[in-house]
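So that we are looking at the same thing, I have put the structure below in structure tokens.
Lettered A, B and C in written order, each chain numbered from 1.
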Amino acid sequence: MIQHLVDGILVGSFLSLGAIGLTMAMHILRFANFSHAELLSIGAYCALVFDKLFESLLPILAAKIGPLSMTGALAISIVLSMAITGLSAVLIDRFIFQRVRQKGEELSMVFASFGMALIIRNIIGLVFGLSAELYSKDIAFAMILSRDPLLLVKPDQVFVLIAALILMFALHLVLSRTTFGFSLRAVAENPSLAQVHGVNLKRMIAAVWIIGGGLGAVAGIFYGLSYQITPVMGRDLVLPIFAATIVGGIGSVYGAVLGGFIVGIASNLALVILPSGYSPSVPFLMILAVLLVRPNGLFGEARA
Amino acid sequence: MIGVISYLVFFSTIAAILAIAVLGLNLQWGNTGLFNGGVVASFGAGAYGTLILGGTPQDGHWGGFELYYPLALLGGMIFAGVLAWVVGKLTLRLRHDYLAIATFGVAVAFENVMRNATTVTGGAQGIRGFERPLQSLIGSGFTYNLMFLIAVLTCLALVYVFLERLTVSPFGRLLRAIREDETAARSLGKSPDKVRLAAFVTGSVIIGLAGSLYGTFYAFVSPQDVLPILTFQIWAMLIVGGAGNNKGAMAGAFLIWGSWTFSGWALSRFAPVEVQLYTGSIQFVLIGMVIVGMLLWRPQGLFPERLVVSQPGGGSRGKTQAEGLT
Amino acid sequence: MPDAVLSVENVTAGYVPDLPILRDVSVTAEREKLTVIIGPNGAGKSTLIKAVVGLLSVSRGGITANSQDITGLSPDRMTSAGIAYVPQTDNVFRTLTIRQNLDLALQKHAHASERLSELYKRFPVLADKQRDKAGSLSGGQRQFLAVAMALAADPVLILMDEPSAGLSPKAAEEVLDHAKQLTSFGVTILLVEQNVKQALKRADHCYVLAEGRNQIDGPATDLLQDPALGRIYLGGERRVSA
């Protein structure tokens, strides 16, 4: 039971990171982006490529950091992958979503995002193959936190949780302390008023994609560190991430953080009562439950 | 020669079944502006519902009630309708992304449950032991398939006529009014939520009918038949045909299903063996490109039909759309 | 030629290209004067202001502000052109605090902190509540915050869309008085009003729009007596004299 709770918190850390970008883009661009989870895949594979590259170019970077299975090469790769994934998100918006947006209605955007998800996911599969990849082939040994009840945690998982929390705190500081953060929130609330006060809408939209892509990349890499990297990880993560945004309330960054942890914990706790085969259905059940009890989520506002 | 004709009959049967589903989706998206990310859930509900109700009892799992076929067919459609009603009831009054996410979720959960609830659905093995109606009379050969195709085409025609009538009926006008200007419709004392729910459920029942026919044709259904790709294929059919256009939707169904089958055949025939493993991925990329490409360059579809402007003089929106089509 | 800060010349504009709401409208706002645009509902008053700040596209005609052609300039360039706009509703960011609202409006100001204390001095109520969410303000206070945000970037011209709408009579008068006061600090004001009598009392010049076209214009004091005004309002005579 406690093991499930701990695992849930760890899963929550990367779900939250994924959900933050999704909720921001959904709020500002007013569409449910079903290709958001593919940014996690792009990030994970990007880091994989750089990781292998650095390890072969500079073998010194292949050494592990402390008890982690993480290496110096991977640490640098994370930063590069964040940048590249953020940039890909901006480019996908520029060349696809922005054009569809100008032509059609909100619904076309949702369809286009599904189309993009299919394309990205399967191109990754074609390039990297359909089998799973790992950052490190070594088996990471779990630390025993307590014997009764038995509680196991891998050092990597602790790192993932702490790093995720640090990133979220950094984002919180940006949103609550800087005029750039105010501008982002202003655009989300009222784009035309924000523009009238000198906020450049296009730049803010690009910023949202960079943040969403960057955090998504980290989420994907952390998912890869905790499990494995596969071309279909986006397909498996898209519903839990959406569930996190709905639990938190669409548009609320803090809601997304909390929602991610709630969905992570609930999915793991559900395994106590449900056979594990049913775990893909849990996010959907949570969505239904939230819609029944509190349709606008924990922090969301009603908006037509 | 017989082989070609027999293949054409088989191909047309599947394409016509999918065309029925596309028509159902068109009522939701084209006429009402509702997103359905879980077409496959309605389709699967129809297939599973019919096979569970109409099949013969099987060892190891529940179901197989051997119901009279029309009742089993109807049961499958009702199952699809109830599922849609639950999702619609919860999401239609909220902003549109909720419907998108919830319908997508229902499809994921549906496939998941069908795979795991072995005692009801046969799990990954699926449901067998269904006897196709009248098979004992006609036999299972070419004649049966031909008769089945005729039956499916009749269903398609009936659904088409029903939807065409519906669009010009007061209900159809209401759908358009709500789509064009929800506030105005509300102020006229119409409840947009109820009307939309009715359209959503009706569309899902039609998709359920397609699923029922599909299950009946193969006398078998498994989780492999309710994978998300089916949703994307059906969308591509509607996008290619042009949302809002019933004739285009049917043409889109035949065109996309034709391209899908052909590309699969061509890849397995001509591609090197190491590429063949990736046939699915290549086809999925192609479907994705059809969806995105159409939305980018030809959002009105390949078979444009002049839109009926709702009122004389028309809303500005209807007018600009019609102009874009010529 | 009087010193015009804003001149709108023969502008045709609307939300959809083929459906102009404004037809051939011309309006001038003179330096450090309060100019009012009145007219019945649907006359195109708000449309005019939105067309000036670039929130909707102008299909014909031209707009000059500060001897700079601003026709078709994107809304986020308006502050640098010295133009500020106070919308009728949703004119503050409710989810941000008052301080954050002001910081946002001040973000391109060279001396933001000095400007902030000036604004706080002028609107003490905002200073008191600076940590509160703007959504918690009363209608009148919210209007003051919106005006303060508009003033933040030291604009030459402020466009206001029905600043007194939805306010109590007292708060409405306060807000309009404040608008009038601003002209003595060197700001030019163009405002759209439904509250005809109160607005005309304070205005220097007035335009009447109806059905998207110019009807009459003249010094506000003259118009207050003009019987034509009542006719345009269709029985609004009572309203004017009320």
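The rule is short, and it goes like this: a residue touches a chain if its C-beta (ideal position, glycine included) is under 8 Å from a C-beta of that chain, and two chains touch if they have at least 3 such contacts.
Just so it is clear, the model here is predicted, and its values are computed rather than measured.
*Asks:* Check A-B against A-C and say which one is joined by more contacting C-beta pairs.
*Replies:* The greater number of contacts lies at A-B.
*Asks:* By C-alpha centroids, what is the most central chain here?
*Replies:* Answer by centroid distance: A.
*Asks:* Just curious, how far off is chain C from chain B if you go by their C-alpha centres, in Å?
*Replies:* From the centre of chain B to the centre of chain C is 53 Å.
*Asks:* State, to the nearest whole Å, the distance from the C-alpha centre of chain A to the C-alpha centre of chain B.
*Replies:* 32
*Asks:* Taking each chain's centre as its mean C-alpha position, how far apart are chain A and chain C in Å?
*Replies:* Whole-Å distance between the two chain centres: 43.
*Asks:* Of all residues in chain A, which touch chain B in the complex?
*Replies:* Going by the criterion above, the answer is residues 26, 30-32, 34, 96, 99-100, 103-108, 110-112, 114-119, 121-123, 125-126, 130, 235, 238-239, 242-243, 246, 250, 275, 277-278, 280-281, 283-285, 287-288, 291-292, 295-296, 303-304.
*Asks:* In their shared complex, at which residues does chain B touch chain A?
*Replies:* Of all residues in chain B, those touching chain A are 29, 33, 35, 37, 90-91, 93-98, 100-102, 104-106, 108-109, 112-113, 115-116, 228, 232, 235, 239, 277-278, 280-282, 284-285, 287-292, 295-296, 299.
*Asks:* Considering only the defined contacts, which chain C positions touch chain A in the complex?
*Replies:* Listed in rising order, the residues are 53, 55, 74-80, 84-85, 87, 90-96, 100-101, 103-105, 107-108, 149, 153.
*Asks:* Sort out for me which residues of chain A touch chain C in the complex.
*Replies:* 179, 182-183, 185-186, 189-190, 192-201
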